[in-house]
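Step one of this worksheet: look at the structure below.
A, B, C, D and E label the chains in the order they appear, each numbered from 1.
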Amino acid sequence: MDFIVDIIAKYSLVRILISFSLLIAIIMLNAIVMGYLERKICARIQRRWGPMEVGVQGWMQMFLDGVKLLAKQLIVPREANPFLFRMAPLLCFTPVAMAFAVIPFSESFYAMDLNIGLIYLLAMGSLNVFAILIAGWSSNNKYSLFGALRSVAQNVAYEIPILLSLLAVVLVTTSFNFKEIVAYQSGLLSFWMCQPVAFIIFLVAGCAETNRVPFDLPEAESELTAGYFTEYGGFSFGLFAIAEYGNLFIMSSVATTVFLGGWNGPFGLDFYSGPILGVFWFLLKVFILMLIMIWVRWTYPRVRFDQLMNLSWKYLIPFSLVNLLITAFIVKII
Amino acid sequence: MIDYYQIVAQIMFVAFILLTIIGALLSVNAKILMHSVLGLAVCLLGVAGLYFYLGSMFLSLMQIMIYVGAVCIVLVFGIMVGFTPNESAQKNDIGRNTLLGIVASGIAGLGLVITIFGKTSWETSAATVGDFSIEWIGENLLLKYCLAFELISVILLIAIVGAIILAKGGREEGL
Amino acid sequence: MIIISNNLNIYLILAAFLFAIGLYGMIRHKTLIGMLVSTELILNGAGLNFMAFNKFTAPDPAVGQIITLFIMGIAAAEAAIVVSFILAVYRKYKTSDPESLKELIG
Amino acid sequence: MSHYFSEIFTGGKSLLVGLGVTFKALTSPVVTVQYPREKIDISPNMRGHIDLIKDSESKNGLHRCISCGLCARNCPCSCIVVKGEKQEGVKGKVLKIFTLEFSKCSLCGLCVESCPTSAIDFSDEYELAAFSREAFNFDLLKRVQQGDTK
Amino acid sequence: MGTLTTRFSTIQDPDEKHKFLLNMGPQHPCTHGVLRIVLEMDGEYAMGIDPILGYGHRMHEKMAECRQWSGFYPNTGRIDYGGAIPYNHGYCALIERMAGIEVPERAEYIRVITVELNRIASHFLGVGAYVIDLGAFTPILYMFDDREDILDALEDITGSRLTYCHHRVGGVSKDIDDLFIKRTRAIIKNIRSRFDMYDRLVTGNIIFQKRTKDVGIIPVEMARRYGATGPVLRGSGLGFDIRKNEPYSVYPEFDFDIPTGENGDAFDRYMVRMLELEQSLRIIEQALDKLPDGPVMAKVKRVKLQPGDCSFSVEAARGMLTYYLVGDGSNVPYKLKIRVPSYSNLSLLEELCKGSLIADLVSAMGSLDLIIPEIDR
């Protein structure tokens, strides 16, 4: 019991409130920036201009789209389950917002420092499926239901390689705490160099976990129109989009902290270790990862469902297991 | 000043208890099967919060990850796969065994409560050895309580194999 | 200031409540999945009990946690196997009502 | 087993090659234009709606139409109405009505081909949008009188 | 939609209670138009498939019976909006065969050039849409980039970009000029240089190969049974092409191959289309080299459709297109029947996709390259 009082005392209520509202703002801003970047980069990949109308290079497009979404009515289908239908976007958004609490932007810029932050993030990540399930089921639409079903199998299958690849790093650092993991990589070494297999596996599985192309089966456009959010419109649709980008951010920031050295400068270039530069390095790495995911999205076709499962069970899980065993062996020897 | 934090903590505690109770009631009384699983999820979240108060953050996260993130989802999956979309909204039949249920659970619950208050006086151990960190659990799990670890591995393996065989056999028959 | 969260009995009563309501649901539910849900409630009651005793009475705090973890693992395995069983039954008999599975009564 | 690894290798390589293609496209210039602000030149042979050609050297000083009605008869969509009147002192008919119901037109060009005096031709207008169907009932005679044609 | 009944309007059999119906379309991203497919689903497996047509019906055949034969020109371009010029060509050739009109050689060459250009544009559209069906959005825009050049060139001589009405009985409505020839040569060079890029981006991609290989296999026997033609039949290994098997126009003068597939799966059909691009480029090159001088329009007197019937087949972008006309002595066709390739290609769908995953259904259907308005007419 003292434990929780400790936590509240350590981070006073004011701080919790402030950081929570800040986190919501960051999530929204992230969705706006990422939405803009995605549209712009996809346009340039396809040799189009992308949004150009409002503002210089159309930078205000996403804000106006948000306003448009806010102004739209939420239409609940007659046969849908109204309570769950309204709840699902919120449920989708909440775990994302909660997961943001432990993301270490820099050494001193974080909302909460947990000694098992990694597990906390994964737990919140596993809640995300639940919202998709509820959204898919409550819409009472067969396409939505298919999307939800696919999403479940996909998330269950890809949580395993994610866990195993992260464990390989945790074996070395012997800590689930983000701070300690980052501190371990303060020098020249960061884990993408000495754990490249785990890094690649994490990126692929993270792509699948966040339902991005080539693993966007829950919302496969040409098969299921829009998958689990087919029936949604207005801002509840917007919340799904925000949560999707939020998840992307979370996955990228886990990859950044665990494999790319978090707020440390690259290759041990630690000439200034203040909080601002730390945030800069962190965001730079996160955004590079997210841009890579966008780049991937606009290049590949979508895999089929059984191929998705095969990839996880036949390739990613064996490789991550072998990687884990080898790591354990080396750590034990040294 | 510490009282202020205590108040917040106690309010949250009550909220978690209410969450548990409401979830449990919803899960047994829901008219729609899906709601019943959702009630279970709410109840499990409440219990996870209580684990937090019982001093183990690790277990509360594990509760969320395993119970809410896996068990509940498997249940929902079962509902959605096994039942057609129309059927999964089917109503739970109420009334057949309600009286029996109330009596049986009433007796059991009453017995337990009487035991809690009447028969035993629990001794609270003053000093607990060790902390609640995951290192502590991990060490104990692998050294002192190794059998539990081995057992759960075997059970999980058997469960995986069994589930695959059961599910696969059905599909071959179906096609 | 009453610190209610530091009281063993509250946890025990809540666990008893979970157990009782799980029992009630087990008897009352007509579908296999509903019964499985009730089983999970009972298991949770047990887990809560273990954790409460672990915190307040046990000399070694690892025991309760490990048993609770054990219960979680069992619950996960159980859910997986029962759901696949339900699916197999459903495919064969086209129903999930336990009372209409006459062939299984023996 | 070797197939397993070779598939990983070739598959991974093909994925990287694909990424290379899109990256090259990302760095190469944009091929589209910002339509309402920039416009690309349309082909001079584009088939728009038809127009009477302004011809000051013709008999009536305005256009060459002799109101024969061949275009209206040849039109598969019956969207052209041509009416001429006999007038005192003038040889042949004088064009009174020449309208095009453009919303029916299928832009086949049979009218232009059938015209014996080459009096009609395609216009190069393509930004034709309106809120009502009536806005597409063009009075071609009026257009040529007002000088809207090319 | 309630008035349209399907074979699966309800599932009566109590043993089949776990199956359910899924309406794919008429508004669905993968049906490329207003095709409605009622699927009887068992989980993600489509156990019954029932395509329902008629949402885009425009009565083209009836329209042909209600107007002079010359009034049907604009309709031909609107049957198959993807590859309109072969339709144009087929109709003109039909009337020419019926009335015994000789077409000047230059006109025939121009016809071949425009038809082949249009075939390339149509294949780009079909392949690009297929790749979109598989989830990759980018390749279609690169293909449209190439297609745009062709459309620009065609606009220059035909006047329109999609629903061309260029060929006339006795020739073509407009001659091509040196600018067009120069432009077309540049287009050929440009498209040739981009084949490698498509190979690297789409054909070689392992996800694309996994999605298309061994998916929707059509054996030759089955393709013949359903009367499938075009790339669908050639993908199954039978090199049937009207341009070779029943030569018309000036095609015998050109040297080109008929690419065929081996397994008849979706990948083979895709590859046949990609290889046909190269063959079309070869034909255009040869035609530009050999282009004779002369008039582009024969002297055509008033054509009366003699009593009797006549048919003419051409190889459209999606397969064999046959016009069949019955005349009664007037200049209004008594009956005009159009045999479109997509219709018989679509009829494969049920046998092709029975019991397949919904993702494979999308993949197989995309590889048939259907144009729905063509089927509905």
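The rule we apply is simple: contacts are C-beta pairs under 8 Å (C-beta built on N, C-alpha and C of every residue); 3 or more make two chains touch, one makes a residue touch a chain.
Just so it is clear, the structure is predicted and the values come from calculations on it, not from any experiment.
Write down the chain pair with more C-beta contact pairs when A-E is set against B-C.
When the contacts at A-E and B-C are counted, B-C has more.
Most central chain by CA mean?
Smallest centre-to-centre distance to the global C-alpha mean: chain A.
Based on CA centres, what chain would you say lies at the far end from chain B?
Comparing chain centres, D lies farthest from chain B.
Which whole number of Å gives the spacing of the CA centres of chain B and chain E?
60
Taking the mean of the C-alpha atoms as each chain's centre, how many Å separate chain A from chain C?
Measuring from centre to centre gives 32 Å for this pair.
In whole angstrom, how far does the Cα centroid of chain B sit from the Cα centroid of chain C?
Chain B and chain C have C-alpha centres separated by 6 Å.
Just how far, in Å, is the C-alpha centre of chain E from the one of chain D?
25
Indicate the residues of chain D shared as contacts by at least two other chains.
Residue numbers touching two or more other chains: 15, 18, 21-22, 25, 31.
So which stretches of chain B touch two or more other chains?
If we look for residues of chain B contacting two or more partner chains, we find 6, 9, 53, 55, 58, 62, 70, 74, 77, 81, 85, 132, 174.
Among the residues of chain E, which ones contact at least 2 other chains?
Chain E, residues with two or more chain partners: 17-18, 20, 138, 142, 145, 201, 205, 207.
Can you check the complex and tell me which residues of chain B touch chain C?
3, 6-7, 9-10, 13-14, 17, 20-21, 24-25, 27-28, 33, 36-37, 39-40, 43-44, 47, 50-51, 53-56, 58-59, 62-63, 66-67, 70-71, 74-75, 77-79, 81-83, 92-94, 96-98, 100-102, 104-106, 108-109, 112-113, 116-117, 122-125, 128-130, 132, 136-137, 140-141, 144-145, 148, 151-152, 155-156, 158-160, 162-164, 166-167, 169-170, 173-174
Could you please specify the touching residues of chain E with respect to chain A in the complex?
20, 22, 28-30, 41, 44, 131-138, 141-142, 145, 201, 205, 207-208, 210-211, 357-360, 362-363, 366
Within the complex, which stretch of chain C touches chain B?
Touch list, chain C to chain B: 1-5, 8-14, 16-31, 33-34, 36-38, 40-41, 44, 47-48, 51-63, 65-70, 72-81, 83-88, 90-92, 96.
For the complex, which residues does chain A have touching chain E?
Where chain A meets chain E, its residues are 42, 45-48, 142-143, 146, 149, 213-214, 216, 220-223, 225, 298-307.
For the complex, give me every residue of chain D touching chain E.
7, 10-11, 14-15, 17-18, 20-22, 25, 31, 42-43, 45-47, 74-77, 106-110, 113, 122
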